[in-house]
Structure formats: C-alpha cells, structure tokens
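Presented sequentially are two complexes of chain A, the first with chain B as partner and the second with chain C.
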Partner chain A sequence: MASARSSEGIYVRATVRTAVKLLVVGHFAVGKTTFVGTLSEIRPLRTEETMTQAAEHVDDLAGIQGKSTTTVAMDFGRLTLNDQLVLYLFGAPGQHRFKQLWKDIATGALGALVLADTRRLEESFDIMGLLEELELPYAVAVNDFDGAPRFPEPELREALDLLPETPLITCDARDRVSSTHALIALVEHLLRRPVREYA
Partner chain B sequence: MTEPTNNRLGWMLDNALQMPETLHAILLSADGLLMAHSQTITRDDADRHAAAMSGLQALARSTAEFCGGAISGWQQTVNEFAGGYVFLVAAGPGAYLAVSATDRVDMEAVSFRLQELVQRLGKELTSPPRQGIGSRA
Partner chain C sequence: MTANRRERALVRPHVVTGGRAHPTRNTFDLVTLVTVARDQVAGLSPEKRRAMELCRGGALSVAEAAAHLGLPVSVTKVLLSDLVDSGHLAVTSESPARGGPDLKLLRDVLDGLRALV
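Then we have the complex of A and B:
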C-alpha cells in the first residue's frame, strides 16, 4: 500500500473504472476522522471544530483523552485498493443532532464500516439501526483503544446483536495496515452480496 | 456509475473559465463524486472539493426551513471569502457545478455564464444510474 501522497492523481490510473462510495460511521469520538485520515492517499477533507461547553453535557468524552475537536459536517478521503477499485470514504458525524446530514451523506454509498468502542458498545445500536433503515450493508470494526476491554468474538457479536454474516473485525484507526484490513473485510462482504442496482 | 477518470466534460468547464477572474470549476454528482474538472486543478484536489460541495449542498438545503414553511427547491449557494468566491449551482438531475473566482469577478456576468453552462451541460448529462459494486462503467 503506497503511503506517499499524490499531487497529480497518479494513483487513479487510466484503467480504473469502478468508484465505490463507502461510509465510515460510528458514535461520537469512536475514531472516524482518525480512520479516514489514516487511509486517505490524498489530503483528507476535514470539518473539525473546537468543542464548546454547550456540547459538554451532550457529547460524552468519558475515557477519551486529548480530544478537543469534533466533526461538524463530514470527513472524506480516497483509497485506491487496486487497478479496478477506488474507494471514496465518506465519514459522517456521529451525534444524533446531525441525523439528516448523515442520511444525505449516505446517498449513493454501497456500504458502511461501523466503528465501535468496547467501552460503549450500546452506543452503536443507533447507527446500525439507521443503516438497516437505509438498507445499507455494513461491517463492524472494533477500534482498539488503549485500556478498552477485549472480549472474545462470540461475546462481541452477541453484545452487538450482529447477524452471522456481518463481518466483525478489530482495528486500530491510527494504523494503516489494520485499517486497510477492516475496509477490505467490508468490500469482500459487499462483493459476496448479490449485485444491486443503485438509482 | 460515476466514472472516476473519464473527464469527458472537462473541456466545457475549461471553456467557462475563459471568463475573467474565474479560477477553477468542477462538476459533481449529488452523492459527492467527481464527474469532471477543469485543467486548472488536480484530480486529487478536485475529488476532495467534490465531496465538500456535496456536504455543503446538503447543509444549505437543510436551512430552507429557516426561511419559513413556504420555501423549497435549493438553487445555489455562494460562499464569499476575503479575496474570492465559490459558486455552487444545480446542474441538472443529480449534479452540481462549482466554480471559484477572485473577488474582482463580475458577479452578474458569472451568474449568467453559469446558467448558460448548466444548460449546455444538461444536454450532455444523461447520467445513467449507478451500478452495484463490481460492475464496470
């Protein structure tokens, strides 16, 4: 996986034919912006704002150190997986007050990667519910935070109430290789599904 | 399916930039993928701006109810900066056109020119529905 940043679009070669839009979603502070930034081969789009006291009681920062900004609109990055496939990663904000924007950003996406945190698994239900409402297939990636409890896979699956076919992976959103594996698990899941027409 | 490398309509955007004080132009699908870009901007930058424009449009559209109940149908968003402008306009079904300019641009002329370009793009834009993953354009 090339890590250099391109300025002339060299990673998007002439043979590339398929652009796939994917969502990177998850609750507040689960690591969405970090994930998209780690994987993007171009300078990512960021819409970070300093968190205010007004949001203090709404957005729970328990267990998260060193976070002073939050995404107010979206994240975006691009990753060329191979000659045939370019992934366009759209990160949507996690907080409920952004729900309409979230749905707009989801337009045209083929699937979603749901980032989860084992310290607050129950906060992922809202997002998985929204995806099911939109009929968007997804995979779940547990973002490996320092000091977060680790559970065996069957327990995690049960706690998250996942279907047997839903991929469940562990990743570190700061690490390129493990984050790439999480995305590949999603792409393989999408490829296994019958091809669906998108209007 | 949005074709990532096929910059088929790029020349139309380049033409529009002959207008004095305009800078860059991109055409994007409503879901934020680049459809065409002017030669003045790299593909990588154009991809990022396309994503941002789709978010901007979604947010702008959501502010309609701030005008009261009777308003609907987003038509354009203009961002003004110290030194320049970004114009974002509807360009046919499911597409948007974004053009940037310096602060010396003739606003009225640019509006007219954008509408003209949108008309011409509309004739070229018979965007087929996107295919599922794994399909070829």
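Then we have the complex of A and C:
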C-alpha cells in the first residue's frame, strides 16, 4: 500500500480513528533512534520530560540538592497502517531509573521490541526485567552492527535467558524492510498470546 | 521536606498549565488524537493559542503536539485536555480497549505492517 506511506505533511489522516503504540527499548546506543527513524513516515520527533527523582544517594544537607531532576528524551515516529489506523513507535531509554516514564509510555502499548547488541547482551537483562514487571509482552531483535560478533540462535537465547516462546530475530536498524520484519515478528508473537479477558 | 524543596515544588508544575500538574481527564494517552472542534482563540492563553494554531492543520497525537510545541508531554496533556473540556478541541481516536487489545486490532496492525514490505 504505497499511499499509506506517503506522509501528508505532519498531520494524521482525517480518517484515522485508532492509534496504537509499540515501545522500542534497549540500552544506550543500541540503535533505538535509528530504528524509529528508519521506519517513521514523518521526521522522527523528540519530546523531553523532566523527571524529579527521589534523592536516594544525593546529599540532602544542602536542601536545594534534595531532589535531582533529569531530562529524559524520547524519540518517536509514526506509521500509517491503513486509512483508520496509525502505529506510533516510541524509543525509550533503558535505565531502570526511568521506570516511571516507562509506565507512562507502556500504558496501553501493544508490546515492546527489545533491541540488543551482541557485544553487550548483559545490558539487556535490566530492560527485559522491567518489561516483565510491567507485564508488557516483547520480542528481542539483535541489531546487526557491522563488525559485531554473530552467534548461533541457541547461544544467543541462552545468553539472553529467553523463554522458549519469546521471539528472537536479527535486524539491521538502518534497513526499512529488515526493521519492519522485526515488528512483524513482535506482532505475530502478540497474536499467539492468549487474549486477556476484559477487566 | 525542607523549605527549599517546598518552594521549588510550587513553581515546578509549569506556569503554562495554570499550576496544575495533571490533566482533568486521565484518558489522555501519548497517542490520543485531537483535532480542532471550534476554531476560536479568543480568551485563550498564549500557549493554548499556539496549541490551537498547531492543531488547525489536522489531527495530531498528544506526543506529536508536545514535540511540535516544544513542551513536555505532561504539560501538553494538561493544555490539550483543557482545550477539549472547553470545546476547542475534540478527541478523534477511540480509547484503547480495557484489558488489552483485541485480536482484530492486532491482525489489522499485522496486515498493515506486512503491506509495507
């Protein structure tokens, strides 16, 4: 559907009635922004949210240092899937300290794609743990960096400690078709899960 | 809570929202779509006028509006929900189903993605 990809300025088509979102998560410099930018039909956008954090390890005696504020940037993009449906992709920073931000983004999200780098697989554990806490289903896509070591899938699955049903794919975040296939694998996984009963 | 912190908190929930840190409706999501319903800006604050000018071109999600306005999402939610309450904007997207997406929606997403490759 070529017409669905043509971006008509910055606005969503007037016929669209449903907007859904997927999270694209992963550790620093794993390729989240690239992935979102590759797939987005609009110029990828960025919002910044100032977060006030409880001061666990900050010297409280100074008073004014009692809370630290962090600016968290979120990159996102949009894909028109048909005349009534748009998909938003939100790239979220991986650190556990951004849990509150994640909760806000994850509410109502269909699922998440975890981007991983074979040179730093252990950095994905925290992220997968956070998704499990939030009960957000996910698939893992190894971003195929030039020069990064490649491993057989069973080794990768073991290294990432994946459940048998969790999809593991390889993608090139710079390539539109490859990145789209990663999202397809995620949504196929979502369809295989039992449908939740209405609360 | 120290006196210093209390003072900081008083100015933090941005002035543009009239002091409120939370929107009047909690159904506003990052991907809630809004569009102009009543194209009048008389009596609106400068930030709300800017939001109306942006939304005049067509429908946008809350996240997109925030990015184009250069405001945090939390502040944008307050502005836009106020404008919905006052009848200036209307929500054009359906609220997501409680308890998660239904199969038809997921299939539509899958079909749409497959059509792109």
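What we mean here is this: the second predicted complex is superposed on the first by the 141 of 199 C-alpha atoms of A that agree within 3 Å, B and C clash if a C-alpha of one lies under 4 Å from a C-alpha of the other, contacts with A are read in each partner's own complex, and residues count from 1 in each chain.
Just so it is clear, a contact is a pair of C-beta atoms (placed from the backbone, for glycine too) under 8 Å apart; a residue touches a chain by one contact, two chains touch by 3 or more.
Keep in mind it's a predicted model, so treat the numbers as computed, not measured.
Legend: residue contacts after superposition of the two complexes on their common chain; A:H189 is shown touching neither chain B nor chain C. Legend: residue contacts after superposition of the two complexes on their common chain; A:Q100 is shown touching chain B, with no touch to chain C. When the two structures are aligned on the shared chain, A:L110 is found in touch with chain B and with chain C. Look at A:R120: by the touch rule set out above, it reaches neither chain B nor chain C. Within the superposed three-chain model, A:R174 lies out of touch with both chain B and chain C [touch as defined at top].
Which of chain B and chain C touches more residues of chain A is settled by the count: it is C. When the two structures are aligned on the shared chain, A:T50 is found in touch with chain C, with no touch to chain B. Of the two partner chains placed by the overlay, chain B and chain C both lie in contact with A:T18. In the superposition on chain A, contact of A:R157 is made with neither chain B nor chain C.
Residues 9, 12-14, 16-21, 42, 45, 47, 74, 76, 78, 86, 88, 90, 104-105, 107-108, 110, 187, 190-191, 195-199 of chain A lie at the contact with chain B in one complex and at the contact with chain C in the other.
By the touch rule above, chain A contacts chain B in their complex via residues 6-9, 12-14, 16-21, 42-45, 47, 73-74, 76, 78, 86, 88, 90, 100-101, 104-105, 107-111, 187, 190-191, 195-199. Listing the residues of chain C that touch chain A in their complex gives 2-5, 8, 12, 29-33, 35, 57-61, 63-64, 66-68, 72-74, 92-94, 96-103, 105-117.
Of all the residues in chain B, the ones that touch chain A in their complex are 1-5, 29-33, 42-45, 47-48, 51-52, 54-56, 58-59, 61-62, 129-137. Interface of chain A with chain C (complex): residues 1, 4-5, 9-14, 16-21, 42, 45-50, 52, 60, 63-64, 66-67, 74, 76, 78-79, 81-82, 85-88, 90, 104-105, 107-108, 110, 176-177, 180-181, 183-184, 187-188, 190-191, 195-199.
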